[in-house]
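Note that subunit A is present in both complexes that follow, paired respectively with subunit B and with subunit C.
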Partner chain A sequence: MDLVAGVLAGDRLALARLITRVENDTPEGREALNRLFSHTGRAHLIGVTGSPGTGKSSLVNLIAKAYRNPVDDTPPCKVAVVAVDPSSPFTGGALLGDRVRMRDLAGDPGVFVRSMASRGALGGLSHTTAAVVQVLDAAGFDKILIETVGAGQSEVDIARLAHTTLVVEAPGLGDDIQAIKAGILEIADILVINKADRPGVENTERALRSNLELAHPERMRFGSCGRGGKDNQPKTDLLQSSADEIWVPPILRTIALQGSGVTELKAAIERHLAYLRSSGEWQQREHERLQTELNQLLQAVLVARWREGVSDAELREVVARLQERELSPLKAVEQLLDLDAVPESY
Partner chain B sequence: MAERKIRVLVAKPGLDGHDRGAKVVARALRDAGMEVIYTGLRQTPEMIAEAALQEDVDAVGLSILSGAHMALVPRVLELMRANGQGDVHVFVGGIIPESDVQSLLDMGVMAVYGPGTPSSKYISEIRAAVLGEVVA
Partner chain C sequence: MDLVAGVLAGDRLALARLITRVENDTPEGREALNRLFSHTGRAHLIGVTGSPGTGKSSLVNLIAKAYRNPVDDTPPCKVAVVAVDPSSPFTGGALLGDRVRMRDLAGDPGVFVRSMASRGALGGLSHTTAAVVQVLDAAGFDKILIETVGAGQSEVDIARLAHTTLVVEAPGLGDDIQAIKAGILEIADILVINKADRPGVENTERALRSNLELAHPERMRFGSCGRGGKDNQPKTDLLQSSADEIWVPPILRTIALQGSGVTELKAAIERHLAYLRSSGEWQQREHERLQTELNQLLQAVLVARWREGVSDAELREVVARLQERELSPLKAVEQLLDLDAVPESY
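Up next, the complex of A and B:
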């Protein structure tokens, strides 16, 4: 069976099998990615991240359902879900349990759910998640929901992959200092407070909101224009137009288990998509993402190609000289690559 | 190229609510380095076959304590074959009377593991079935 042709024709077994090849980075998987690449770039990639236990899987279940059964007269979207759970650092095994929360999606041919193990990657995704998403994109899914492993503070790879990133919080998980730390909150396009029926939801929302205001001082200035003054009048138009271009992450409350807040959440996701398209940010993100991907690939291939021409003995000798402190690491690189000096821009 | 990872779906078909055994097996397979997809309680055969397909698993473990295994197991096997997954290894655990074991094996089940089966036994047998290794 030609898996690529099968995937493009909508064959689900071919899709499942090709994802395995791509996840395992086999030669057949790589070849398929080459052939599928021209069919990618159409899906809206929605990332869902947040601490363990905030309800990411339940929310993904809800969002997928909302796209399958729209309450307004928009047509239903085809939805794929990629759910990443951690691999054990000791055995390499993994327990992938996100499907437990996604049973509502069973039996719907317009939905495809795939679980992935992180396989040693630390950024919240696995090394091949982006490639698997490409396969689903080529297979014609309109919305691809990507759920990260339960993320702490710096698992921010998802922001590079997704067009729209949801950061899910729950009441009672941290004070306002947690909220102003760098990292995961910064990558949010939409902030979701799930389990909003729990006590403490007001505090969580206040902390998130004040953090957002700190992050958008220019908007704050505009928002509090009411204070008046001599210099606020002529600039109003200018400020207005630039404020239109700034996306301020909305904060939404949901209760995933009761299905409440999902209509508003879906609307916010669609608003963000419209903003990406109208502001030119879609192109911009796509550009940055492909540039990063190309850089990473170039680095890996350049190193692999160079390594083929170097004997183990030569490398061992250089490392031994490093260990003896006869050579600094930079000097070692110069010697190995036969350079007068490493380029300043490395 | 990454190493070949064995992917196993551990599922609870039918209506009994006892998933302790399924969780013990899932954990043991995880600790043996496999990727285990766990789907939770009260799954229909259709849900299990669909999950096995989407996850492209190498093996499926069905844990049944309700006594409905002679109805549930053949239905799962039939659906998986219809999906083109007749080559996936299916094993059964739970409370299965001795007299039913042979019929299940005849249907195409790889093995039936009753209570007290050491985890090393099913781990090595699943590994052997999937990778074609000889059981030591």
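Up next, the complex of A and C:
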């Protein structure tokens, strides 16, 4: 079976198989990414990140359902979920109760759920996730929800993949991890306080708001904070320079288990999408992402090409001299590449 | 002033200045690393990682003092502290009370404290930290304590720099962040339960012990758990293969604010050092670290050398065609490098 043709024709089994090839970085997987590339660039990538205990998996579930069954007159979207969170029920790390909750997505042909199994791949988790998202994009999913635990650098990298990043909080999780949150807030396009029926929700919102001001002082000069921000107003001047447009991350409240707040959340996500399109930021992010991908690939290929011309014996000898401290790493590189001096710009 | 000569002569001002050059990746900093390299490889690098709230900064303080003022007949060591933890009082993120506590290290010429200021450098935080540690190593510090917050991938990478990694816990921090801890435990050589006078210490130890068994099943087959492990026994057969030696991470209790438990902790650190030397793991880790450094430098230099031969116009054109989805990233690389096909091994 030609998996690429299958994926483009909407075959779910082909899709699942091809994703496995891509995750394992097989030659077939690489060739498939090559062929699928011209079909990518259309999906809206939505990152959902936050600490364990915030209920973000339930929220992802709820957002997926909201896009499948719109309450207004918008058409239903095809939705994919990529879970890279080890504590997510999508990846199987959670309680039975959570798994049961996910069942109402199963069986819907407009939904595809994939958990990232391996963390060991060559380019790292963020590279693999980017590749899997490309396959889903080419397969025609309109919205791709990428769920991460939001703790490490690789999770931040994954969130950066997304066009729209949701950072999920919950009242009463303590502020011990404030230092971690700071970095996360910088990448937030929308802040969600889930479990908003819990005590302490006002404190959480206040803390988020002041952290947000620290993270985005340049954004906060415009309009009032949060939902009342400039982003919410109708655009009055179509000739206005795009640099004038500022997205102020709104803070929304949800109770995922009761389904409350999701209509407003979906509206905020769509508002952010409209902002990305009208401000030129969509193009800008695409450009940066492709540039990064190109750079990484260039590096890998340059090293591989160089490696083909070097004998194992020579490499071993240089490493041995390095270990004896006879050669510094820079001198070792000069010798291996047969250079008088390395370029200053490295 | 020749900063390199100053550093080798023990000049603290030269040391502080050179570290700044190295952090900023200036040509002078690179050249200095080159010259200092033959003086490196002697320091014992001790990573100390853990969540905020575990009191690991106080513990670092205490370990430094224990090495400065030994209670037994061992000579005092020269100690450097590199703090890459944004919540550490060494980096200035904490309360005044913490800063005061640190004062008893200040003024001691055998102690040098450095907090990592920038996260923005080219090779990332772990690259910069490795370079700073090399300077301190060449400057003759015997023990270099590297304090990290232990949350993200880059912090894990920094911990991997170390010969001996301490993971610090405290009772009553909740197990919400268990998913994060799992990855951290895999890198632990010694586990420390600080604030051991708090209620819940038994539960914390039990939880650590069972997580440890999950992280290191192969280690746990040997001897009993923790302090009673094989590592604690005198070596009976000097001809024994080094592969037979197994380090079982001990779990120790400390109360940093009262200074209790630090003698045992220092003994465990020294026991681990002896293990590294006798098992051949010290050499093995050195080898891996140098190999990684060589690979990263090779990549950077190969890209820089290639970039010198490519016009901005050609690069822009390829990126534009990439953005139009006319070229896939792989095809773009083939065109830029003038290859019929990229090597399969990339």
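Convention: the second predicted complex is superposed on the first by the 276 of 346 C-alpha atoms of A that agree within 3 Å, B and C clash if a C-alpha of one lies under 4 Å from a C-alpha of the other, contacts with A are read in each partner's own complex, and residues count from 1 in each chain.
To be clear about the criterion, contacts are C-beta pairs under 8 Å (C-beta built on N, C-alpha and C of every residue); 3 or more make two chains touch, one makes a residue touch a chain.
Just so we're clear, the structure is a prediction, and the values are computed from it rather than from any experiment.
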Inset, instruction - Tell me which partner A:A16 touches in the superposition: subunit B (first), subunit C (second), both or neither. - result: first
Inset, instruction - Examine A:L298 and indicate which partner it touches, taking first as subunit B and second as subunit C; both and neither are also allowed. - result: second
Inset, instruction - Applying the touch criterion given at the start, work out whether A:S115 contacts subunit B, subunit C, both or neither, answering first, second, both or neither. - result: first
Legend entry - subunit B versus subunit C as contact partner of A:P27, first or second or both or neither: both
Inset, instruction - Considering only touches as defined above, state whether A:V310 meets subunit B (first), subunit C (second), both or neither. - result: neither
Inset, instruction - Tell me which of subunit B and subunit C touches more residues of subunit A. - result: C
Inset, instruction - Tell me which partner A:G107 touches in the superposition: subunit B (first), subunit C (second), both or neither. - result: first
Inset, instruction - Check subunit A for residues that touch subunit B in one structure and subunit C in the other, and list them. - result: 27, 87, 93
Inset, instruction - Give every residue of subunit C touching subunit A within the complex, in rising order. - result: 27, 30, 33-35, 37-38, 40-41, 51-53, 85-87, 93, 149, 151-156, 173-174, 176-180, 182, 283, 286-287, 290-291, 293-295, 297-308, 318-319, 322-323, 325-326, 328-333, 336-337, 339, 342-346
Inset, instruction - Flag every residue of subunit B that touches subunit A in the complex, lowest number first. - result: 1-2, 4-5, 7, 26-27, 29-40, 43-44, 46-47, 50-51, 53-56, 83-85
Legend entry - Residues of subunit A defined as touching subunit B within the complex: 12-13, 16-17, 19-20, 23-27, 87-88, 91-97, 99-100, 103, 106-107, 112-115, 117, 119
